[in-house]
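Alright, structures below, take your time with them.
Okay, so chain A shows up in both of these, paired with chain B first and chain C after.
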Partner chain A sequence: MEKIKEITKKPLFLPIICMILVLLINLIRSRSFFAISINNGVLYGRLIDILNRGSEIAILAVGQTLVVAVSAGTDISVGSVMSLSACSCCMLLAGYGNNSVTTLAVPMVVGMLFGVLMGGACGAFNGALVAKLKIQPMVATLILFTAARAIGLLLCNNQITYIRYDKYKYLGNFIPGCPIPTPVFVAGVVILVVALLLKKTALGLYIQSVGINSRAARISGINSDVICFACYLICGVCAGIAGIVASSRIYSADSNNIGLNFELDAILAVALGGNSLGGGKFNLAGSIIGAYTIQAITTTLLAMGVTTDTAPVYKAIIVVIIVVVQAPAFKAYLAARKAQSAHVKEAA
Partner chain B sequence: MKKRIFAGLLTAIMAASLVACGGSGSAPAAGGDDSSGGADGKDSGEAIVVGFAQVGHESDWRNASTNSVKDAFSKDKGYDLQFVDCDNDSAKQIEAVRQFIQDDVDYIVIDPIVSTGWDTVLTECDDAGIPVIVIDRTIEDSKKYISWVGSEFMNEGLASGAWLKAYAEAKGIKDLNILVIEGSNGSSAQIGRTDGFKKYADEEGWTILDSQDGDFTQDGGQKVMESYCKSYAGKFNVVVCQNDNEAFGAMDAMKAAGVSYGVDKDVILISFDACKAGLEYVQSGDINADFMCYPLQGEYCAKIIDQLEKGEEVDKQTFMQEPWYVAEDILKDITYTNNAGEEVTEELVQVTDAASQASY
Partner chain C sequence: MDENLLITMRDISKSFPGVKALNHAQFTLRKGEIHALMGENGAGKSTLIKVLTGVYSLDAGEIHVAGIDGPVVNHSTLEAQEKGIATVYQEVNLCPNLTVAENLFIGREPKTAIGTIDWRKMNKRAKDIMDGLDLHIDVTIALENYSLAIQQMIAIARAVDMDCKVLILDEPTSSLDDNEVEKLFKVMKDLKAKGVGIIFVTHFLEQVYAVCDTITVLRNGEFAGEYSVEEMPRVKLVAAMLGKDFDDLASIKKEGEAAVSDEVVVEAKGLSHKGKIKPFDFVIRKGEVVGVTGLLGSGRSEMVRCIYGADKAQTGTLKMNGKDLNIKEPLDAIKAGMGYLPDDRKADGCIGDLSVRENIILALQARNGMFKKIPVSKQNELADKFIEMLQIKTASRETPINQLSGGNQQKVILARWLCTHPDFLILDEPTRGIDIGTKTEFQKLALKFAEEEGMSIIFISSEIEEMLRTCTRMYVMRDGAQVGEISGEMTQESVMAAIAGGGE
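Showing the complex of A and B:
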């Protein structure tokens, strides 16, 4: 009994339970959801789809978690920044004004790095506004939320820019001979790097202390502004990477649609992961589980053949349940009831 | 202090963005404005001033439409075009039309973002004596425009059904199990193409296994097809994508799942729009048939204005000629009853280099 209590108290307990619940719906509905086979030399199945398609949200969730923790606000520009990074990458690779190329104008790595760099630049812009000018995060990131997508469109000369070059497809699809989708690796590397950064350096601790009380942190010798700036920068880089992956999937820069509404999924992933949107303590693993939970819901709805116009309703219902279950008020209510029933038992 | 600096910064950004928008979106219009100011003095009787309130710039198709209008009303053809890109904001579009009235343009061309809420502003146009031509999308709640030019989406759907029926007969395919990837729910293209095709499916007793929304995007098409390949593995032999971008995504998903598509393969692939890249796939035999949604309304508009200038009557509705493209030459034409209730026989065009290069 004690052990069970201990497990339920763990911060990751609820996010994992939620994930299992979503998967359970599928287990009841159809077992074939869990079938994994090798098809065409690559892993094939809906679980693989979740891992594959959830990569972008997971990458975004990593950055978003840090931003939420450090500034008690959200970066709502990540979706637009994804689009901008994809557009700048494709624009550079294709050369300005071309909308479909089979040979690259510059080496592929240069284009991709440029895309990620643009993401970083956007992150730095947001970071400067929030950390230095103390503007509310939502207002500060609103600027790029509206502007970044439009800038991307200008870079691509108002067109969808296609890079019909086989190697460009690898990042978002499969590398020949490797059965695991490449985005899974990309997400893995991003998560690993950030996790190591948080574990091996004191950055994680700094972020928490700035998030809980930035003035107290400054007095105790932490440069709050720099820490805050760094978090937005990391978030921007993450958005940049996610944008390149999304672009590689469709080997093009579709500036109107890449990363559309992804900022909401990223914020939701942070919340589903049991993180308080009020900043302070955070749990990276929770956010990542949250991200894949969102993708599991999406994949489930697709598998059930729910038409896309009604899908948000079901998604909302599931999300409401998950959030309510994790809400402190709900937990307190449960605890109170438990205490009450224990009390009644004792009296009897 | 900081706030002031920031406020100053923001203002600067706004100003810069305004300049940027003016410079990029409506560069020709800006030029046109300048010259129209001067033209009034010199040769105001010469140039016909046309105001064009376009939806936005969301797709290649839209860009082709914009460019066709710009070409049709170019300066050397004796027009002065004032172009406004409304960024999918209907309030902005109505404001743009009011601005045209104030500028006293000769004609107004509108591609209405929404189909309702137009009566007031069209009455204003009417009072000002400016003829309005509506292109592409429709206006439901007012008749105060002079003419409409666009596509009959229902016919595109009907033609795809008629083609599939004839093609299946010619190839001796008995069972048709169909998966549909629809366009953005509620758009007129999605409704027309779905209903038109479904009419044939119901009549012929074809099985439509599933029909989901791919949002007219490549990523959407890919996602839906990925899911289809798992849900209906080995059970389908026709895939209908309601635009080319969805078809590109669906092709990638089928390739990944090891499903072959195209001419004489496991799956018959049907698409709409027939953009340049789409026609290249038809030519290579990856897409069996592609039903064009003609974006070049400009020339039709110019013709209508020409007629009006001569004082002739114009048709209230003009449906543009839309070619149907196919990969093989086993069928020459299709016959079907179109939405207007007329039985028509239309040619099927086998895609050549010239055709795909000429497309948008």
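Showing the complex of A and C:
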């Protein structure tokens, strides 16, 4: 009993339970959900789909986790920034004004790096507003939330730019000969790099210190502004990478649709991961599990025949349940009830 | 239940993860009694209060309240209030952006016939209440415009106006000056005459002897005894709190000027920060303990913050070990070999949710730089070393610092700076709000580091006696400016005269 209690106190307990719960529902409903097959040399199946489609959310969740921890606020521009990053990349690859190309104007790597760089620039802009000018994160990032998507559209000359070049599709789909979808690797690399950064340097300690008490952190020799700026920068870079992956999936820059509403999924992933949106202590692994849980919910709903337009309704219900279960107030309520019933038993 | 009893608490136990905060504690409050609750930091005073007022649930034991049959369990402060138990905490918990009147009547505003708030009546009554306390202030402006002391009085006025049977004052005087303390005492005595029972938590012995009738002493969460004030001389009280013969404060003696060398460690000329502190000079030698004295708000803290770079100096020059320093950020000061224990422990010191270990290594890590992470084994070693050396009472090194008592939090912050082996350490009010035993420890430590390690230390305290014991020299501050320096034979009187400005 003691052991079980200890396990339930672990920070990753609830996120993992949520994930298992979603999978369990699928198990009861239909076994075919877990079927994995190989068609045309690549893996197929719902689970693979979750891992594949959840990559962008996972990448965004990594950056968002740091932003939430350091500033007790959220970066709501990430979805828009994804779109801008995709447009910048495609614009450079196709050359301004061309809406469909089969040969590239510049090497592919240059275009992709440029896209990521644009994401970084957006992150730096947000970071400067929040860290230096002390503007509330929600308001500061609202600027790019509104503007970034439109700037992308301008870069692409108001049209969808297609890159009909096979290698451009690799990043968002499959590399020939490899059965695993490439986005899974991209997400893996991003997670690994940030996890190593947190493990091998004192960045994690710095972020938590600034998030909990930035005044005390500064007195103790941490440059609170720089750390805050850095988190927004990393978040922007993550959004840039996610944008390139999303663009490669559809080998085009569809400014109006890439990353649409992704900021909400990213924030939700952080919350589902058991992280407080009030900043301070954070758990990266929780956010990542949260990100894939969200994708699992979406995939489950689509598998059940719910249309994409009505899926958000069901998603909202599930999310409400998960968030309520994790809320400290709810836990306290349960504990109080338990104590009360124990008291009644004792009296009897 | 006896007619006279207001509250009886029997065999109260309460545990937190790894710590037994209360162990069969007892407490009894009678009508018309001012009852001091005393004990060292971590003795369980605050926990006992919080159990009584419903902030914490109790693990075992019974609470009886006059007029209510059977044991009482409060689940929230609101429930406690309904039973006539009102509390005023050390930290003012009012709304700074609301007016004084709104704060006084929040949740029970006088209503007009149609159910809206009767502002005129409310402001009028608020004015009457404050006049009754001899505080003639404008009740229609926001609370944040008033000093902490006045806010504290307003919090008390609010509690008193709610017709409480029991009033709990949890260290209400730590931010009040003598005059205000007198006013508070008058209010307390008036209430006592009306039959209200008052629980008074304080660290100041003088105040206990000035107003209290009875003293309950807690030690390590256990009931150490209940005494009447008349039959309890101070020495015995302190001994009861510490559980041993009191190590006389007077035994601390400074080593004299002989220990101080001529080697200048820090030299400041004309440092200032606009609106906070006017230009000042400052010199400290190796192994010297220097005081900065003055009334609260005279610029003591502002002066050291300016040296350390917590507030960037806008004019003047600063030299350390002969080299010019240009401090833009506290980090620059740390790298030069400074350490600064801030006076506001909560806002500037503790990183609340982080563990004792992380709080200890923070400044050292910052000095080493982000990319040179201190290995976990080394972190553990450092944390254990200082927990042992400073006798920090904590369940483990991984316990979050906000679960520690005030004095132990202060020790953790001190450990944070000792980790960095500073040449020059600023201790701004290191002993505020902590118990006598720990106060003495801090004074001894300051002297020890100065003597054995040749550390140069600034020691700031509101208690002049403390500084007389530790410092060889003092800078005197008044109204945000440095007005003088005293050294040699210093007495309480001479320092007070210098602070007051009669001696110029």
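The rule we apply is simple: the second predicted complex is superposed on the first by the 344 of 348 C-alpha atoms of A that agree within 3 Å, B and C clash if a C-alpha of one lies under 4 Å from a C-alpha of the other, contacts with A are read in each partner's own complex, and residues count from 1 in each chain.
FYI, contacts are C-beta pairs under 8 Å (C-beta built on N, C-alpha and C of every residue); 3 or more make two chains touch, one makes a residue touch a chain.
As the structure is a computational prediction, the values presented were derived from the model and not from experiment.
Under the clash rule set out above, the superposition-derived model of chain A with chain B and chain C shows the two partners fitting side by side.
Comparing chain C and chain B on the residues of chain A they touch gives the larger count to B.
When the two structures are aligned on the shared chain, A:L205 is found in touch with chain C, with no touch to chain B. In the superposition on chain A, A:R53 contacts chain B only, with no contact to chain C. When the two complexes are overlaid on their common chain A, residue A:G45 makes contact with chain B while staying clear of chain C.
In the superposition on chain A, A:I222 contacts chain C only, with no contact to chain B. By the touch criterion stated above, A:V324 is placed in contact with neither chain B nor chain C. Of the two partner chains, chain B is the only one that A:A303 touches; chain C does not reach it. Legend: residue contacts after superposition of the two complexes on their common chain; A:I36 is shown touching neither chain B nor chain C. The overlay of the two complexes leaves chain B and chain C separated by a minimum Cα distance of 15 Å. Across the complex, chain C meets chain A through its residues 57, 75, 310, 329-331, 334-335, 340, 342, 347-354, 358, 362-363, 365-367, 370-374, 416. Those residues of chain A whose C-beta lies close enough to touch chain C in the complex are 200-203, 205-206, 208-209, 212-213, 215-223, 280-281, 336, 339.
Residues of chain A touching chain B in their complex: 32, 39-40, 42, 44-46, 49, 53, 99-100, 129, 133-135, 143, 147, 153-154, 158-160, 162, 173-174, 246, 249-250, 252, 254, 256-258, 299, 302-303, 305, 307-309. By the touch rule above, chain B contacts chain A in their complex via residues 2, 5-6, 10, 13, 17, 20, 24, 57-60, 63, 185-186, 210-213, 215, 217-220, 222-224, 226-227, 230-231, 245, 248-249, 252, 256-258, 277.
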